[in-house]
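Two complexes are shown next, each including chain A; its partner changes from chain B in the first to chain C in the second.
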Partner chain A sequence: MSAPAWRRAMNTPVGTLTAPGVQAMPFERPGHAPLALGQRLRAIRPRHLIVLAALLIYPWVATPFFTFQIGGQALVLGLIALSLTFLAGYGGMVSLAQMTVAGIAGYCVAIFGDSSVSQISLGWAWPWVLLMAIAVAVLVSAVIGWLSVRTEGIYTIMITLAIGVAFYYLCVQNYTLFNGHAGFHHITTPQVLDVAWRDPVPYYYLALFWAMAGYFLITYLLRAPFGLALQGIRDNARRMNALGFNVTAHRVAAYAVSGLLAGVGGVLLAYYNGLVTPGTVNTGALINILIIAVLGGMRHPIGPFVGAVVFVLMQTFGIDLASQLFGDWARERFNLVIGMVFLLIVLFSPDGLLGWWTQLRARLRPSGGAGRSIPAAAPH
Partner chain B sequence: MPPSVTENFPGRVRGRVSIGWVWGAVIGVPLLLFCAWALSDNAKLFVRTLFNGVTLAALYFVVASGFTLVFGLMRNVNLAHGSLYLGGAYLGWMVGDASGSWLLAVVTGFLAAGVVGLVLQVSVFRFMPGQDLRQTMFTIGLSIVLADIMLWSFGGEIYQFDPPEAIFGRTPMPFIKAYPTYRLVMLATAIVIGIALWVFLNRTRVGMMIRAGVDDRAMLAASGVNVQRVFAITFAIGAGLAGFGGVVGGTALSIAPGEDTRYLLASLMVTIVGGMGSIPGAALGALLVGLAEQFGLAYAPTYGVVFTFLIMVLVLAFRPQGILGRKT
Partner chain C sequence: MQSTRRRFGAKVLGAALALAFTAGVQAQETIKIGVLAALEGPFAAGGQDCMRGAELALLQKGGMAGGKKIQFIKGSSDATPDKAVNATRKLVEQDKVQIMIGPLSGDEGIAVKNYSKTQPNITFINGSSGAQATTLMDPSPNFYRFHTEGAQWMVGLGEHALSKGCKKMYLIAEDYGFPYSQVQGFMASYCAKGGKVVGKSWVPLGTKDYSSVIAKIPSNIDALLVVLGGSDAVNFLTQYEQTGGDLPLVGGTITVDQTVLNFKGKRRESLVGTPSAGPMADSLDTPEWKKFVADYKANFKDGFPSPSLFAYLYYVSTRAALEGLDAVKGDLSGNQANYRAALQKLSFKGPAGDVKIDKNRNGIGTTFITEVVKNADGSLANKVIKVIPNITQTLGLSEAEFKKMGLGSRDVPNCP
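== the complex of A and B ==
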């Protein structure tokens, strides 16, 4: 937070903290006026509608491959990464266990629902399965939060990574509950409304619906008192504590919210892959979520979706491109390429692709008229 | 850095002794009962597991002490520590294979990883002062890149090398007829390294600077010490210990892709359990984690990792800064 913002905060009586101008104080960035909820509705610009239209029309223009593998996958990964962006960007807690939470939801779908492993799968009806999966994800996420938030900021990353990797080893070792290396295959989508939900177009709309639900939930929360308090805690936990906010409770609640998003994403991911194995939650997968969030930028909830699109495109086509440019050796070196990209982003653009976008806008419009809403780039 | 909110309640200190006893009883009595049962049931298995646990703990201590040293001084969570372990092991193996000298391999592992650490500190991390998160992210990216480069150059095969004849055989032991000498040597090595680190940190000038830096970096810089040099030395030693552990551990076990994650996890667990930035804490943490892992594997194979995990959860729940960690 800038020094003037601090001074203003210091000189504001506690009772007036709910006034809109002060309310958004922790959010403040230079040149970005905060908006109240009503103003925000009025702030819908043509470009937002264009993006929405593009997202809705996309599957009718794109091939099934692009609809499912690129569109659907990016939306789901973006949703899981959004849970990290919410925690890290607005709560100041970088959790590497988001994919673990998503994976646990996926495992729940397999364990409580149907899969190829009939000895373990319980075969419940789908509403209960989904309810259970999401509830377990929220609970696990809250427990992870409770374990990690009582230490200082940077430990969070260590503790969540340790939890995530330990869960991976548990999945590999344990056959009675997690079916070890093999995991669960043939996870089918439920029969609802006679739609084959795993077909490209229905799956795309399903993923789009939940991605948008997650996106709007987060944008709403960030302006609700809870989200503002969370951002205040991110900026100065001590001061918020002194103001009477229960810092630990807010942080744990933020973890629970992120668990909700990651849980929904995990269920969708299990349906997308049709399987859940230890590979779903291995270290690479945990870190991929971080890469997606950092790649997109953690300053705005649209960031993870942008990052996910770029990530999925790189995963799908980047290697072909690299092997054509650099020869055949590059074909199997996806991790090298993605690691390098991640390093470059960390070194040169800490705000990710959104940071570039903001810089570009600032350059194009030097009058400083750039609004605070970063236009939603279409995830395709 | 503001201390976390939970630390603002001094009332908790008073009850610690009695609470400590209660917890000691709650954890210790079942543990003693288990030991008694295990000894009467199968003494051989118990003793062998005990030895395995302690010698594994020795290896974990060597690797994790480097991690915790770097973390304690620089607040740099070096998530590429596992990669340094594996890299040191591979390079050590190459040199050992070419020269036929195991000692040379150990020295190579230490030096190679140490140089990498030094270069990293001097060329990257010193330009990100105070940016814990960015440094950590950088080490994550680095670990991905290094893992892939190592997979590329060494393939997926499992490498192994033999220690010199003198420490290769088996040593007679009570209960179990014999135990691999090398693992006992490993234990001795870890003890020597622990003592050396203690002497270095407590009896030398640089060590004193490091300890002062752990407590208060700003004050250390203000008193005229070249902090960057202290950082570079610490990082080199910390990384070198990972590479050293790589060769020593690669001799006892094996070198393969994926080991980097394993030892990174071990380092994280040891540091979290033992206390962040504390060398005695690393020793205690390594002992707990190593024993938990081996006993878990021996007595509950499919839930082995759960025991390590439980230890971590218990420590975090009741003593978030680690058993021997100090509040910052």
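== the complex of A and C ==
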């Protein structure tokens, strides 16, 4: 870095160090972190209660298909994408290996628990299986982080993509541990409380519980000292280093947290599919997580869930939409329509679907909500 | 005023009733069939031909079966089991299809079979997926496969290779389920009759560089058994030619098909005489096959020069579904019990031999042994040498003997 560039970088206010034209990322309430309970309750707005009520009532009005395949799947994919939003939106590290971490947790469920491949599966009791799956996911994610945090931007993407693709090929070709191309079938949910957890309604609530747990964990962390330091590192790592923060340690810890979310998501995904195969972690699946995160918007932890709902709806009904729009010949070329919808969303709002919400609110309230203390444009 | 309103109300009620009535009648007269194939991913081109095969079966019947109109609802997967089950679940639970045809590839088939157990009121008919385990291990009572699978397609090729003097062979094949089945179909009889496979090279799907494999080929063998498909086959054959290899080859079902025979190179000439086997053959000389090819060409201008294996298998599967409906006159009542009984008894003459199923609901069918010949115009084609009818899934062995051998894998069977 040349001397003038260095001076410029050091004199730029925090949060505006991004490329010209790109809006600065939100910075969670500095100073008063974490919030006291009273403050938290006061922060609850009617729309939060409406969303919560809608989520709880949903399986009672939707068909089992919508409950399981749309609702359940969107919550799980949203949880995995949340791990990426946390890393990318608040840590400034775009990792393509989040689905790999989720897949590893899924493989652990099959390897330590029960599956159709009895010569590999160890058949442990479910608490140990789940503990092991999550622990391995966190560990692997931390190792991926440790390998990639010394890189920036496009190089982080490349290194994590390389790890993801390498793991895919390992799964395809290794028969002693991953059972190769066929993978593991017949992964069943544990017998807990006499509930058939893979039935649509129980599965939906299970996924909802963990999705909300992940969501609140992230919103809490973002206001805790750790999250604030992480956002500082995102905006100016050099300055944070000068202030005495260990940049590498914070980044690796962020990867470990993301591994926890992706791991829980991966276990739920394995239960959702009832199987885990190399197809779960192929390049397409890795990129789908990035699409979900970008589609929803990375400025708020709710983004990946919004993105996941749209993504799952398009994956499921894109084929019908294509033939509705362009006639029956388009049915076999429906990916074109899915791509067009995604393109339109990102074209008109670089912040994804959350950006639309922000624009809408700005238009409805021309004064700009003077009384609000939060500089961030995203809703809380 | 009062009367006008009442009259209007009556009209609305009448219209609603009429609508409900016609809707009810329509629901009775149309049968929805879901068709799932891989329209994305590595098999996208084959997946489109699957759809052509299914459509052709319906076109030949004028869009009707059992006196009812048939409506196809198409779905797509990307050849991964997760996607196949999601797409199938959407067709069954959201679009409410009564009969489900698909999927395309092996592991998808196993996953859809497992899903079919949760939907006992729907009948599932396999599209073209050919994993042995789908119907042999833990079969599902409402999952049918009317065509034969990868191991059955190679039955008889072992004896044919022995009759040509290939007593010691070396195997090169892709490392997944379908080639395992193919190799088992070949080796089961080849080993039993005294042939030796001295070594095996399992290469990952999509391998580009075969130099290390070619270097391992021993010199004291009579022929190579090559079970590769598509670009893998072309890459291997080209590199084998460049390194000066001159051993005769024996091919798997998709190793020397039309897509591979069209490739350019000197090695092309030396492919003449290469035997292979499969459930159909382009040059088949029966009137049923000729009609099938003519109908395919007439209806699909954008299709392949001749129907692919995928089109043929989906055609057979769809036709079985429709013939079954004809047999019960479109009656799917009683959780489709009559329909399933009819499917079990079904037997008809397909484009390439008789179509019928065994007690596990897997196809018993014909295999064609072919050899590559050079046509007058210089193009290469597969000529039928031998026809072997009535091949069962246990490859002619009793069920106990077959279970003892086990399903095909890297090490099963083995005769070095």
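Rule of thumb we're sticking to: the second predicted complex is superposed on the first by the 312 of 380 C-alpha atoms of A that agree within 3 Å, B and C clash if a C-alpha of one lies under 4 Å from a C-alpha of the other, contacts with A are read in each partner's own complex, and residues count from 1 in each chain.
Please note the rule applied: contacts are C-beta pairs under 8 Å (C-beta built on N, C-alpha and C of every residue); 3 or more make two chains touch, one makes a residue touch a chain.
What you see is a predicted model; the values in this text were computed from it and never measured.
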Touching partner for A:319 - first (chain B), second (chain C), both, neither: second
First, second, both or neither for A:256, with chain B first and chain C second: neither
Residue contacts on chain A - larger count, chain B or chain C: B
First (chain B), second (chain C), both or neither touched by A:175: both
First (chain B), second (chain C), both or neither touched by A:274: second
Touching partner for A:137 - first (chain B), second (chain C), both, neither: neither
Contacts of A:335 with chain B and chain C, given as first, second, both or neither: both
Partner chain in contact with A:105 - chain B first, chain C second, else both or neither: neither
Touching partner for A:148 - first (chain B), second (chain C), both, neither: first
First, second, both or neither for A:185, with chain B first and chain C second: second
Overlap of the chain B and chain C footprints on chain A, listed as residue numbers: 169, 173, 175, 180, 284, 335
Parts of chain C lying in touch with chain A, wherever the complex brings them together: 39-41, 48, 51, 74-76, 78-83, 85-86, 89-90, 93-94, 107, 110-111, 114, 175-177, 204-205, 410
Chain A - residues contacting chain C, complex: 63-66, 68-69, 73, 169, 172-173, 175, 180-183, 185-186, 273-275, 277, 279-280, 282, 284, 315-316, 319, 331-332, 334-335
List of chain A residues in touch with chain B within their complex: 94, 147-148, 150-155, 157-159, 161-163, 165-166, 169-170, 173-176, 180, 236-238, 241, 247-248, 283-284, 287, 290, 294, 333, 335-336, 338-340, 342-343, 346-347, 350
Interfacial residue positions of chain B with respect to chain A in the complex: 1-6, 8, 75, 77, 79, 124, 132-134, 136-138, 140-142, 144-145, 147-149, 152, 261, 264-265, 268-269, 271-272, 276, 301-306, 308-309, 312-313, 316-317, 320-321, 328
